[in-house]
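Here the structure is laid out as structure tokens; the discussion comes afterwards.
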Amino acid sequence: MRTTQFKVLEEVKLNNPIFIEALPGVGHVGKLAIDHVIDELEATKFVEIYSPYFPPQVLVGEGGIVEDMKNELYYLKSAGGDERDFIFLVGNCQGLNPEGQYELCGSILDFVESLGAKEFYTLGGLATGQPLEGVEDRVLGAATDEERIEMLKEADIEIRSADGGIVGASGLFLGLGRLRGMKGACLMGKTPGYFIDAEAAEAILAKLAILVKLEVSTDELEERANEIREMINKAQEMEQEMINRAMGQQQAQTQDDLRYIG
Amino acid sequence: MRTTQFKVLEEVKLNNPIFIEALPGVGHVGKLAIDHVIDELEATKFVEIYSPYFPPQVLVGEGGIVEDMKNELYYLKSAGGDERDFIFLVGNCQGLNPEGQYELCGSILDFVESLGAKEFYTLGGLATGQPLEGVEDRVLGAATDEERIEMLKEADIEIRSADGGIVGASGLFLGLGRLRGMKGACLMGKTPGYFIDAEAAEAILAKLAILVKLEVSTDELEERANEIREMINKAQEMEQEMINRAMGQQQAQTQDDLRYIG
Amino acid sequence: MRTTQFKVLEEVKLNNPIFIEALPGVGHVGKLAIDHVIDELEATKFVEIYSPYFPPQVLVGEGGIVEDMKNELYYLKSAGGDERDFIFLVGNCQGLNPEGQYELCGSILDFVESLGAKEFYTLGGLATGQPLEGVEDRVLGAATDEERIEMLKEADIEIRSADGGIVGASGLFLGLGRLRGMKGACLMGKTPGYFIDAEAAEAILAKLAILVKLEVSTDELEERANEIREMINKAQEMEQEMINRAMGQQQAQTQDDLRYIG
Amino acid sequence: MRTTQFKVLEEVKLNNPIFIEALPGVGHVGKLAIDHVIDELEATKFVEIYSPYFPPQVLVGEGGIVEDMKNELYYLKSAGGDERDFIFLVGNCQGLNPEGQYELCGSILDFVESLGAKEFYTLGGLATGQPLEGVEDRVLGAATDEERIEMLKEADIEIRSADGGIVGASGLFLGLGRLRGMKGACLMGKTPGYFIDAEAAEAILAKLAILVKLEVSTDELEERANEIREMINKAQEMEQEMINRAMGQQQAQTQDDLRYIG
């Protein structure tokens, strides 16, 4: 595999779709929010994306069946009040290096543009390093243009201003999207740190309900976050072991690099 | 050399071959197991694989003759009880970077698929960081599909579940293989740490005997592991020197980067 | 986006133009100097350069509008006393890896050469690690040829000699430019450290006034530096947070690499 | 510049030439030896090699004239007692990454093979970390084949055996050269550490005199080493500054990556 590959599971026609990016990142805020939307509103997976820029590995899923490193596109028909369709980008990883990020974001924009998407949102988390309570005042925004900034303000979203970068896919989609004439905004959920933050995800979803009329019950969101937390707790017990393992593999590799062993 | 190259030493026709990956990794469990099989059952090398993604170096072998960084394919005719042939992948290194791993695994799958391989096993080690005794309960498994999980269970192999990734070639073959319709499993031999683990290799071979009817005497395995250990002990005496050397080379390079030296 | 892209905003004809590189680097000496020239003399932006070798991100600008990672070319007509035109290269980043630097510098040289540029200056800072006062004796020079060294000496510029490398775009343009028959020099403004150094920039501008007759008032330069410093102070308050954020993103990525999270 | 470029200064016909690699490495043993040979025997530079895999920078040479990062080929006619010609590979750097090393070594082998080279030597240093005196017993060898090992033994060269790798160009030329049917050996001069080691270079030259009848006075070698040492001492005074500078540049880059500065 030498280039990014789109495996199209279903050919779809969409009505003026809104593209929403929710790849994993800080606090998995965007991922948690949109995984929840996909489940609750029963969005349909129609594309799988594989890339040599993803980590060279698989994940071990439930029951020992391995899971590829991949990104996925889901569609949702006429979910908003104004009859527009949605395309969601989710997955278990982002591209590993800068060129990979550019290639992936560019390829995905080619694809969603071919389906008529002209508007998009990217979702992310913003680590504050401090405890945060509730879902109020948890979302910061930035955008490709003044009109979208006004939309964010009308939705009572605090605007980030002149204070750093938005790194990774959430940022790059904004830049590369605007370059091809698309308009978009990034919603960043403030999160204390690096655990799965259901409240930040809920806050993001509350704003999406205003901005794109994507209504979804968040009753199950805390439960979903709990499940993931448990899974992570279990994973953390094995973490030291896994770090050892990873280091071992690397060390073994290095030893192979440096000496003859047979 | 700008792309991975397959040097085919012999054109072969194989009967529904099973492909087994055993590149170096944690504890060199897979490598030790299959190097042993190749010797004992006199498998035939028929392909050498060279790649710009391998470490840019050679190894100094016995008698001062240098050894290329390479991967190799061996075949073994009708070794199992059910008359199927085998293809073994061994070598002294894996690809150095993610794109290289994808390119190598993809190219090798292209090749073995062209020989009719539809089923495969990848072998690896799993460092536990704790002392382990005996060859019982030393093998964990994961697979591309439920049918293969059942096969592993029937062979009394413990199933890993939802607990992390399988990194490097052993994992990536599972993912890329399944994407093209092949079915496979990964056998991981638990090993205390980072030395050559003959018992973990023996445990893997015991399971392969059940799964693919690949019978091989393991009497010589401990001896082989001992030889490698001695070689490594000798190598370790020189290790500090070699690390110095490697660092020196890098340092010299860096100095060249940073100042004029003539 | 798989290759560097030049977005030409205006087709221009230039008279024997002098090309001046001022990408960000140590103390932002060159960037500050030429950003000032562009503002004061009202140079015209005519090219935007985007590249997959730039950092995969956007910056958040004033009012929440995002800013792409990019390089830009400006032209200035007949600004010097001898009626020659200027091309300025500025931007908010350099290429991230060596191949990217080579590709970018080469592409930009192709472009400015097509506009008739045969002579160039690259501007940079040189960190001394010690306090420096005033604008005297603050500029060091190096060049592609003896004739240019003589020009630097006539402008009372101290010549660096046999003492290390000029890394990044400021150095690479000298090397790649000379290889295609262009002639150029690098002016390095000594700066105590890593803050925005208006005096070093002023010193550079004083030498450019002599060398290429590019006259510009520097009254506003200190003010401009102050503005940038304030912006940076504000940014530094958020820096720890941002570092946390960046680390979090990386960590999240790593966790995704190493375990199954949902 | 997207690929390695050979700038041929003179078209030459050579008689069964021996190719000798002496790029910078540990103790600059090979580089010092062959730079000396080139000067003493007045070899002629006929090719300059530029590559995007070299460090993206220039060096500041004597009098402020910059020096490109490059490799160079020199030829020497009928210097040995048996009327064979020589091709020397020298330079101020090696490729920065693995793929670059493969691409460069492969391209250079293509070129020297087109000139009729079938035999080659690679020269390097081997850091022992311990004081060494004199030029006796200072050279270790390894080779592509048994015949060459015998030649080394006849020249009283100690053979390295089964003890690690030869990293970088000196190793990779052996591997890639043999793959295309060339025969070669690596001579490694033992050196205490990381300074310029005239005695190790002299020891290498003494062995080359036997192996390929390349006779050269080494009277000036110590003097040459002294000159380089002085140059390095001068450079080391500036080293901390330069490291600061390099870090500053990187830091500035990073700051640009992480926040908005103007």
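Should a chain be cited, it is by its letter among A, B, C and D, assigned in written order, with residues numbered from 1 in that chain.
Here, contacts are C-beta pairs under 8 Å (C-beta built on N, C-alpha and C of every residue); 3 or more make two chains touch, one makes a residue touch a chain.
For each chain, UniProt lists the protein as follows: A, B, C, D = PAC2 family protein.
Please read these numbers as outputs of a predicted model, since none were measured by experiment.
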If you average the Cα atoms per chain, which one ends up farthest from chain B? C
I want to confirm something about chain A and chain C. Since they are copies of the same sequence, is their interface symmetric in residue numbering (over half shared, so same) or not (under half, so different)? different
Distance between the centres, which are taken as Cα means, of chain C and chain B, whole angstrom: 48
Per the C-alpha means, the centres of chain C and chain D lie apart by a whole-Å value of 34
Sites on chain D at which at least two other chains make contact: 55, 57, 59-61, 162-165, 167, 231, 235, 238, 242, 246, 257-260
In the complex of these two chains, what residues of chain C are touching chain A? 1-2, 50, 52-66, 68-69, 96-97, 100, 231, 234-235, 238, 240-242, 244-246, 248-249, 251-253, 256-262
What part of chain B is in contact with chain A in the complex they form? 24-28, 35, 55, 57, 59-61, 67, 92-95, 98-99, 101-103, 105-106, 125-129, 141-146, 149, 152, 159-169, 171-172, 174-176, 178-179, 186, 193-194, 196, 227-228, 231-232, 235, 238-239, 242-243, 246
